[in-house]
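Same chain, two partners: chain A is paired with chain B first, then with chain C.
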Partner chain A sequence: MNAPWNRRAARHAQRLARVAHLAAGREIAAGKLIDVLEAVIEPGDRVCLEGNNQKQADFLAESLAECSPERLHDLHMVQSVLALPSHIDVFERGIASRLDFSFAGPQATRLAKLVQARRIDIGAIHTYLELFGRYFVDLTPDVCLIAAQAADADGNLYLGPNTEDTPAIVEATAFSHGIVIAQVNERVERLPRVDIPADWSDLFVVAPRPNHIEPLFTRDPALITDIQVLMAMMAIKGIYAEYGVQRLNHGIGFDTAAIELLLPTYAESLGLRGRICKHWALNPHPTLIPAIEAGFVESVHSFGSEVGMENYVAARSDVFFTGRDGSMRSNRAFCQTAGLYACDMFIGSTLQIDLAGNSSTATLGRIAGFGGAPNMGSDARGRRHASPAWLRAGRERAGDGPLTHGRKLVVQTVETFREHMAPAFVEQLDAWQLMEDMGMELPPIMIHGDDVSHIVTEEGIANLLLCRSAAEREQAIRGVAGYTPVGRARDARMVENLRDRGVIRRPDDIGINTRDATRDLLAARNIKDLVRASGGLYDPPRRFRNW
Partner chain B sequence: METFTLDLPSTPANGARALCGVVSSGNLEILVDTGHAPDRCRIDVSTSAQGFRDTWEAVLADAVARHPAGGLVLSINDAGATPAVVSLRLDQVLESLEQAS
Partner chain C sequence: MSAHAITRRSWFEADARTRIHGLVDAGSFSELCGPHERLTSPHLAVLDLPVAFDDGVVVGEATLDGERILVGAQQGEFNGGSVGEIHGAKLRGLLDRARDTRPAAVLLAIDSGGVRLHEANAGLIAISELMRALLGARAAGVPVYGLIGGSCGAFGGMGIVARLCDGLIMSEEGRLGLSGPEVIETVKGVDEFDSKDRALVWRITGGKIRRTLGEATLLVDDDLGAFRGGAKALLARGAPLRGLAALDADQAALAARAQRHADARDGLDIWRALGLPDAERLAMLDADAFNRIIDRAETA
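Coming up: the complex of A and B.
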């Protein structure tokens, strides 16, 4: 066992031996969890605490944060999302000191304060796929703390519909002889299906309450504005229809929810059913229900699930990926890969866009990170398979030159002013100031300008693929920037010239009358309409029930 | 709160004398009434946003250049609408007048 080439396996056995007296077989009693964590984890360990977009290993996180900093210190946390207060507590209490992560939206302000106080050492901020990749290269966890729905006595695990990061984390940890500890909502005699086999995991604890899960992808149609309807009409007619986009990913904002809700109405009236939006890399957005019911959608693979969509997804197993047991199967690593390599289009919103088309959601005083948008919203240079949308975009960029590869459509859709008259178009992104304040090596840019193909605003669509110089690109962006200072500083003649060439297209140019842009076009105007469209299968969380 | 009045040149609106009306939604209300000079459009703006008069002027000048609005008086009550919403509502109200006449 102590041969120099198998030290990790030996260490795995030693760690488990240290806690054997604290567990009953694979099962740890909730009251013993802190003792187990203090005994099995070692100072300086690399620990992956499962923090996802939605599902959280919250009991494990709180227990880790309650461990003694005398016993556990200098941990290196590797996790995709810092969502819970306890994810920051482990740093504030001196248990962990180093962090590699992807997204910290809910804890972005506390994280920035820790950085400014030099209480935390951030290795890097990653996209999901980058971080998962590094789990198998130079950030392999010594211990992972994961969330599952249920365990059986042997230690097999069922993950439920929200698989998210779990398979990637467990694969990297278990097969490098790290320790895998799961919190589960229940122990059962027989699992509906085995998602993690018992010999890939070590210990489990039945948490005193079900793991926290956040309905992140539910957008109430009641909050969609006429302007968002107008922009959705322009995107559908000016981009989806023109390129024949069949395979795509949507962002999670109201702009793209509006597009989803216009498919059975506006897109149907244009004869686009069967011609666009057949295959999706997307969480089960409730706002996609009407399009699914109308026969637009052939398949949806998801990163995670969405609270309330379980019964609907299970009842639509031709569309969604589901197990032999009937319940949903999601997987963030595979869905991100699909978004990067198998989709022809990403469309999403942002907070700021600069004159080169770089976009950022960074806000001063917050370190929010990236999540998945940069993987989806980038042209995969390694892609080799062709599709009509990909080829057409490639041809537009190549101009008269020989065509060696296609191009993903990466679309940013923004109203020129956000709330409180904050302009979405700026000369310089706040990301540069944040870089200075936080001592980062690069500004936190969400989507790089050279990956963006189109910008949609209420004023029109700018096709950046057709721009032949940086100056043209700048004027194309100014030309759809409306009454923002950036938009008003446009070179009006050059913008008209770009419009003549079809680089900029106004609603008129694509046959859209702005008067038609009203909420009446939405296939569902509130959450109750979505429930009705689902035949009562969609069960919205309480906070969205307003009737 | 900021209030101001603009008097802008515009093509006479057909049958403007017979028309009055209102569009409103959430954070914006536009009242239309008849004025006196057939080639001028008077616009009274009352807005909750401070310091955006030049933006308003640009939005309104473009709107009355796009549509015949001469002979009209527009009263705009704004509670935080973006320029996009203002432009859209003006398009909607002025096009409705064109069609009605």
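Coming up: the complex of A and C.
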């Protein structure tokens, strides 16, 4: 009675047997990779290609895209990020036909074209945690193609600082008897540490060049504007200080980079060191260096790493999670969980906000997806432990009613006008039009209005927790929307009333003189200042240097 | 609150008036031909381009440590600090005034790519008049000092003006040259000079290599107070007119330098040829640490 219940294990053995003659033990020669992929993968397989936010299994992706569509077709790709041209090539060449994913930033336009040409069948667009969850439920990979830093002769893998999605992918694949193939940058005698034990993986190939890693989280302080400094001051004084936010996540962008760079200067002058921003779920942002050096930060757990931060992170092992070997250990699944359940605040920017507070980064003609922001930027209804910030936000939400649960702070920080004078506040999100164009079931909303607690603009802070009706909410949003059409259509009397109640607060109301908001407050004004602040440990990528 | 939160005020990021106010004694600056007089460029108006009420340059009188000085500052954000007819006339007038009234010095905060191309010959004439007036002030015994640390640097005609000064104060962010990197790349090709390679551009034109080669008298940090300190130091040092023998010696030294570094393609080559320790690390040093190394090399 063995056979019917262990078919996956039997298939695993059969697949490996088909490629035994192509490999030397665990190792595949780079020149044989396409033959191996064509032999080990079967038409219709669900394949997880490791495309992360930063780290890319680029050699495996390019090789898969070069396989014969006669041999490999109708693959169902499951992967968190479509970042490389080869990620789309596999669909254009007819190798894959179905896709479940999270984020497609750099390939968003090509993806949209494929959808409109009906060349691709999108199962769903997920958040990271959702997709990882489905790896263990109904999107379990038959084969995964991952990226690691190094392998030893036995097939143990070292992932380097950019662990990212790899543990989640391998766990789901290996323990459901799928095939795990890794590309590595080097084969070594002895690994600095073992991140993936040999018996969780099957084959590896030494790639002809190191895997691609994108420095996504580096923001040059030179490009931060005085307006962003003003908004950062408002956020620090009007939200961080008032709620005593100790545990948080920051989005990527210049708005939040400005906040990071004001911690050792402005926040310090307000006496906030030790009272805010102690624990972070955050990639190692170079702009966090001055705050770390100033003693603001106790711990940082990261989704991935950041190019150039390796030595700094290793030298600050009290703050960052590092292995016994000294180098960084990141983990996207755990860090997303931390951001969802263990943080009291998310703050980030967006492209459009509507009158209900829904926000979206969708633009017409592009399918960009979600990534992790909705996990961070949502109130976790499953949370039970209390903290002062969470309780205070919950009390504001509950009003006079009984307090049964707290509330996460979800803050959107936007200038009223974005590039090319495009208003950030709109009557209707472009996401609705995109839904029509792409035949989606729902508009791609990044953060739902009912999850948003505050909106910060250069005109003021709107506290949506204190709004008691949809009409108040709308006026609170219009009341900080500046000279955009949405802002000009405000009911001035109602907005003044909301200001009297503290629902809307202007810089003056919280004791901020807008003339004080200059770049001179930034703890670092350029990349070189960051290198200096790190004591020379931060080694920025070439494109960010002028030396 | 902000007073103690701010540690440095950047010269690079300041506009022309902020630079002047950071440079001179508090409250001592009085502007000449200020914006209220609306001396705007007639040439830009003809081309239907935006004009500025000061034509991108601020000039006036002030004191520095109690001594009367004249001061001019270019606004790099207006047409790249370029010298048009009005802009040039204001600077020329300032230098003529120095010749006539003998202040302790003239300080020129240079931030310019050179002649304003829209104004063609009028701009060229303006900059040549400016050069003549500068030499006139110096001949009358008034030292003229240039300060370079803005985003446009000192290029083209203003690069020449800078080198006509008695002394130059630069920050490492400042750049000094004749043809700008983009111009060289356009004319000679990317193999000659890759203007997109920011590190290379700074290693060839930036304040640190200019200080190394002796073209900048002082290297200071990117800070208003540091530039003020540098200006005070130059004022105290004085600039007596130098005779023909000294000029001949300069000429000989330049010829020897050109020969010594004939094969240099990069500031790094020069630092290495001079035997400076850790040449690759020099770019990271602050002004004081860098100056110590250069001073040591010069005395050696």
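Going forward, the second predicted complex is superposed on the first by the 544 of 547 C-alpha atoms of A that agree within 3 Å, B and C clash if a C-alpha of one lies under 4 Å from a C-alpha of the other, contacts with A are read in each partner's own complex, and residues count from 1 in each chain.
In this section, contacts are C-beta pairs under 8 Å (C-beta built on N, C-alpha and C of every residue); 3 or more make two chains touch, one makes a residue touch a chain.
Bear in mind the structure is a predicted one, so any value in this text is a computation, not a measurement.
Q: Contact-wise, after the overlay, does A:I122 reach chain B, chain C, both or neither (first, second, both, neither)?
A: After superposition on chain A, A:I122 lies in contact with neither partner.
Q: Kindly classify A:S269 by the partners it touches after superposition: chain B alone (first), chain C alone (second), both, or neither?
A: A:S269 sits against chain C, while chain B stays out of touch.
Q: Contacts for A:I227 in the overlay, against chain B (first) and chain C (second): which applies, first, second, both or neither?
A: In the superposition, A:I227 touches chain B alone.
Q: A:R542 in the overlay: touching chain B, chain C, both, or neither? Say first, second, both or neither.
A: second
Q: If you stack the two complexes on chain A, which partner ends up touching A:E458: first (chain B), second (chain C), both, or neither?
A: first
Q: Applying the touch criterion given at the start, work out whether A:I477 contacts chain B, chain C, both or neither, answering first, second, both or neither.
A: After superposition on chain A, A:I477 lies in contact with neither partner.
Q: Kindly classify A:L521 by the partners it touches after superposition: chain B alone (first), chain C alone (second), both, or neither?
A: It touches chain C, and chain B stays clear.
Q: Can A:M421 be said to touch chain B (first), chain C (second), both, or neither?
A: first
Q: Could you list which residues of chain A make contact with chain B in one structure and with chain C in the other?
A: none
Q: If we count contacts the way the header does, which residues on chain C are in touch with chain A in the complex?
A: It is residues 1-2, 4-10, 13, 198-199, 201-203, 283-284, 286 of chain C that touch chain A.
Q: What does chain A use to touch chain B in their complex?
A: 225-227, 230, 415-421, 457-459, 482-483, 488, 514-515, 517
Q: How about chain A: which of its residues touch chain C in the complex?
A: Residue list for chain A touching chain C: 265-266, 268-270, 516, 519-521, 525, 528, 531-532, 536, 542, 545-547.
Q: Considering only the defined contacts, which chain B positions touch chain A in the complex?
A: Against chain A, chain B makes touches at 25, 49, 52, 55, 58-59, 80, 82-85, 87-88, 91-92, 95-96.
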